[in-house]
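So, here come the structures, one by one.
Shared between the two complexes below is chain A, which pairs with chain B and chain C, respectively.
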Partner chain A sequence: MVNDRGQLYTIEGIAAALIMLFSAYLVLSATSVYTPGDTHISDMQLEQLGTDALRMMNTPINSSSSASPLQDILYYNGVQGEFNGAGFNTIFLNYVNNETGSKIDNAPNGLHYNATVSYYDIANETTGTLPFYANSNLTGGEHPVRVTEWVIVNKTFPGGGGTDVKPRAVLVEVLLWRD
Partner chain B sequence: MAGLNDDAQWIVLMGFVVSFSLFFLAMLLNQSTLVGQTTAEGVLDFPKNDIRDVKDVIIASSQYSGDPSKFAIIQEDITALALSRKEAVVTYSLVTTPTSTDSHTRISIHYNNGVTEYNEYWTSL
Partner chain C sequence: MTDNAGTLSIDFLAGFTIFLIAFIYVATLIPGLFIGLQSRTIDYDAVAYRTGVILVEDPGMPYNPSWETLDDYHKGEVLRLGLAVSKDTPNILSSQKLDRFFCSTWAYPDDYRSRVIFGNYPYMFNISFQPAESNLTRSIGDDPPDEYGYIRRVVKIKGISNASIDDSTIQTYKFNSSDNVTTDVFSIHLNFTNLLGDEPNPAYQINPYNDQIMVNVSGMNANVIPIPPMTAPLSTNLTAIQICRSKPISTNLHPPVVCFANFTSPIVDNKQVDLPYPIENNLSLIIPPGFITTDLADANTQLYFNLTFDHYNAGILSEEKGYLNSTGSGPFEYNYDPKNITLPKLQDGVLEVSVW
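Moving on to the complex of A and B:
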């Protein structure tokens, strides 16, 4: 008769191994590693933030005002090729840095942007892009997202657009990044 | 196995069954993250904000529907800028303008960025 007391130890050993494997699996799966392929998650958040800020700016403040703040900023008393960039800077940074609770001023999130305005040059049949405002320069190392907003503004634009003032549709483009 | 006590074999067998089922569950869990990621990417690919924006500006331009020259300039701006700056084909046309019997403005909107195509027949309130 062979002594079979070792069987109990074997079962115990297997059970212990299973428990250890399972806990190791739980621990490893509880954390996720942020790989370069996952940057689209934070990109999406930044894109939504920028889009929302621009949409808010392109909405009239109340029912009695016919133009939105963004339309007023672009109109800038009808000066051709120029916009109220400083005014855009104030409102845009205020919106994208908005947060609950107490707030530290001057871009606490390290959000930077570079805004331009694209318009259609009717006579030359090309699109032109004018500088709008930037609170930081692009050096090439950044990883920006691009957000846009269509605006109808009642002024003339450079190129062969004619001299009589007519409502035009322009595209405000903002490159937004965080560092 | 003559003379051996084989009571424990059942316990070992059950242990194997449990461990295999655990493996199976772990694989399911692993696949679920992959599925979630592709779904999220599918949502990202859909140009929700682009369509909404272009629709809004077209609707805003309908206030000039009474003046064909103003309306046509905005139409040209939107089509040209959407193609060169947003990589999307956007065309729209005024179907009806308000008359004394029918106060509605109707615009048919077409958007296509190569991946997503969107058509809308918009009627004003």
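Moving on to the complex of A and C:
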């Protein structure tokens, strides 16, 4: 004798198909899965911006200029171990926040950075790092990108070189992040 | 006796078939949905980044003569729209290339898409540029929608050099005639060996092939004495601009200067004019980028632009003395001496690319 146990009826099949389609549509259209691998996009934009800003700061405005703005800032009248951090802050933020007047509203403003200068300590044969300027402190929760620029500076640095002033390459390192 | 055990009902077959079709449909749909949701902005960001790199770090193709010197009839020869001064100077943009890129005669998006965006997908885009300390934004393309790829590049724009010759310069270098003459000739000298060799960095170089050469003269009538004395001022015409050159054959020989062509439609006072052209007290002469080609002058050429001025009184050729004339003093040197020339200066700017 035929009974109805274990049978799938037509109406149930249609209902199941509709529920599956609706569920798939709802889930996929309501969420965008942001995987860790995708963060490189915003990192790339920020890194490019910071790299450009440092590069432009290290470019003299004309051929008769003896030094770039960044070289002048690092030289700071030859004072050992000190730099014109306020000057760097003004120019760097001006570069990274500069944007056109077009209707592009996701420009990465609200930028923070922490800049240091690394140099080679000739006497001790080690690498020394000096604070440059920071408009915000890293607390550990941020996700900064690192941008660097080699700069030739004609001054002495702590620890090495003594009073012998000669051009030397130092590394300006900026950790850059946004809110 | 037969029974119905092991048989399938028609209801079950119909329902299972519908279920299977729906399952296959959903399974094939899911990857497509993920592509749409996930890769779109990532793809657009990558295209925006690539476009930014091409614009900011590449001089474009063709390079010599540079693409911006090609007129609208030859724009089909432009393969790539880079704005950099050279491949060795990333982020340093040419002002002439910017002017050509944002000109009104190129059509958005067709003229740009195949030369700067690339790819088979018909991307839409907005590229905008603004110099620092200016509210003037130059832009091509539509306003971006809600979702788009984006890159912003900090750049510098290489300015143009220019020579300013005023009354005091004329007196200092004795650029005026001491004899009574009806015709004065003033010569501008471009020493290619020095222009290209003294400043090797393309960001600061005065490159006569790709850069605009500009000479502004003021106070031209300040010391003019009509012969014989007249109450009415003389009228002066710029009659011709001869192009002359000499090429060193060997270091011990001074080759002759040979005039071989005329600059028939120069840009004077910021407009293209036909000669003769009446000159008042001032003159602004522009030699546009691309006018001087390697056929005209190679890297060792001494090139001269000889400006000829005729003076008239009541329509009759008339004598004077004291007008702009370099016959006795030697030509005006267009070089890197800051006393003669305002050197090219770099100005800050920002370039944004949006792609969707």
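Everything below uses one rule, namely that the second predicted complex is superposed on the first by the 139 of 179 C-alpha atoms of A that agree within 3 Å, B and C clash if a C-alpha of one lies under 4 Å from a C-alpha of the other, contacts with A are read in each partner's own complex, and residues count from 1 in each chain.
Note that in this section a residue touches a chain if its C-beta (ideal position, glycine included) is under 8 Å from a C-beta of that chain, and two chains touch if they have at least 3 such contacts.
Quantities reported herein were computed from a predicted structural model and do not represent experimental measurements.
A.B. asks: For A:22, decide between first (touching chain B), second (touching chain C), both and neither.
C.D. replies: The first partner, chain B, only.
A.B. asks: For A:49, is the partner it touches chain B (first), chain C (second), both, or none of the two (neither)?
C.D. replies: In the superposition, A:49 touches chain C alone.
A.B. asks: Between chain B and chain C, whom does A:127 touch in the aligned arrangement: first, second, both, or neither?
C.D. replies: In the superposed model, A:127 contacts chain B only, not chain C.
A.B. asks: Should A:149 be classified as contacting the first partner (chain B), the second (chain C), both, or neither?
C.D. replies: A:149 sits against chain B, while chain C stays out of touch.
A.B. asks: Check the residue A:118 against both partner chains and state whether it touches chain B (first), chain C (second), both, or neither.
C.D. replies: A:118 sits against chain B, while chain C stays out of touch.
A.B. asks: Between chain B and chain C, whom does A:101 touch in the aligned arrangement: first, second, both, or neither?
C.D. replies: second
A.B. asks: With the two complexes superposed on chain A, say which partner A:170 touches: chain B (first), chain C (second), both, or neither.
C.D. replies: A:170 contacts chain B only, not chain C.
A.B. asks: Could you look at A:62 and tell me whether it touches chain B, chain C, both or neither (first, second, both, neither)?
C.D. replies: The second partner, chain C, only.
A.B. asks: After overlaying the two complexes on chain A, where does the chain B footprint on chain A coincide with the chain C footprint?
C.D. replies: 1-2, 7-8, 10-11, 14, 21, 29, 41, 44, 48, 55
A.B. asks: Using the touch rule from the top, collect the residues of chain C that touch chain A in their complex.
C.D. replies: 3-4, 7, 9, 11-12, 14-19, 21-23, 25-26, 29-30, 33-34, 37-38, 41-42, 45, 49, 52, 90-92, 126, 128-130, 132, 135, 137, 139, 143-144, 150-156, 199, 201, 203-204, 336, 338, 343-348, 350-352, 354
A.B. asks: Note which residues of chain B are touching chain A in the complex, please.
C.D. replies: Of all residues in chain B, those touching chain A are 3-5, 7-8, 11-12, 15, 18-19, 22, 26, 29, 40-41, 44, 49-50, 53-54, 56-57, 60-61, 64, 69-70, 73-74, 76-78, 80-81, 84-86.
A.B. asks: Quick check: in the complex, which residue numbers of chain A touch chain B?
C.D. replies: Residues of chain A touching chain B: 1-2, 4, 7-8, 10-11, 14-15, 18, 21-22, 25, 29, 40-41, 44, 47-48, 51, 55, 118-120, 122, 125, 127, 147-152, 166-171, 173.
A.B. asks: Applying the document's contact rule, which stretches of chain A touch chain C when the two form their complex?
C.D. replies: Per the stated touch rule, the residues are 1-2, 7-14, 16-17, 20-21, 24, 28-29, 32-33, 38, 41, 44-45, 48-49, 52-53, 55-56, 59-64, 94-96, 98-104, 106-108.
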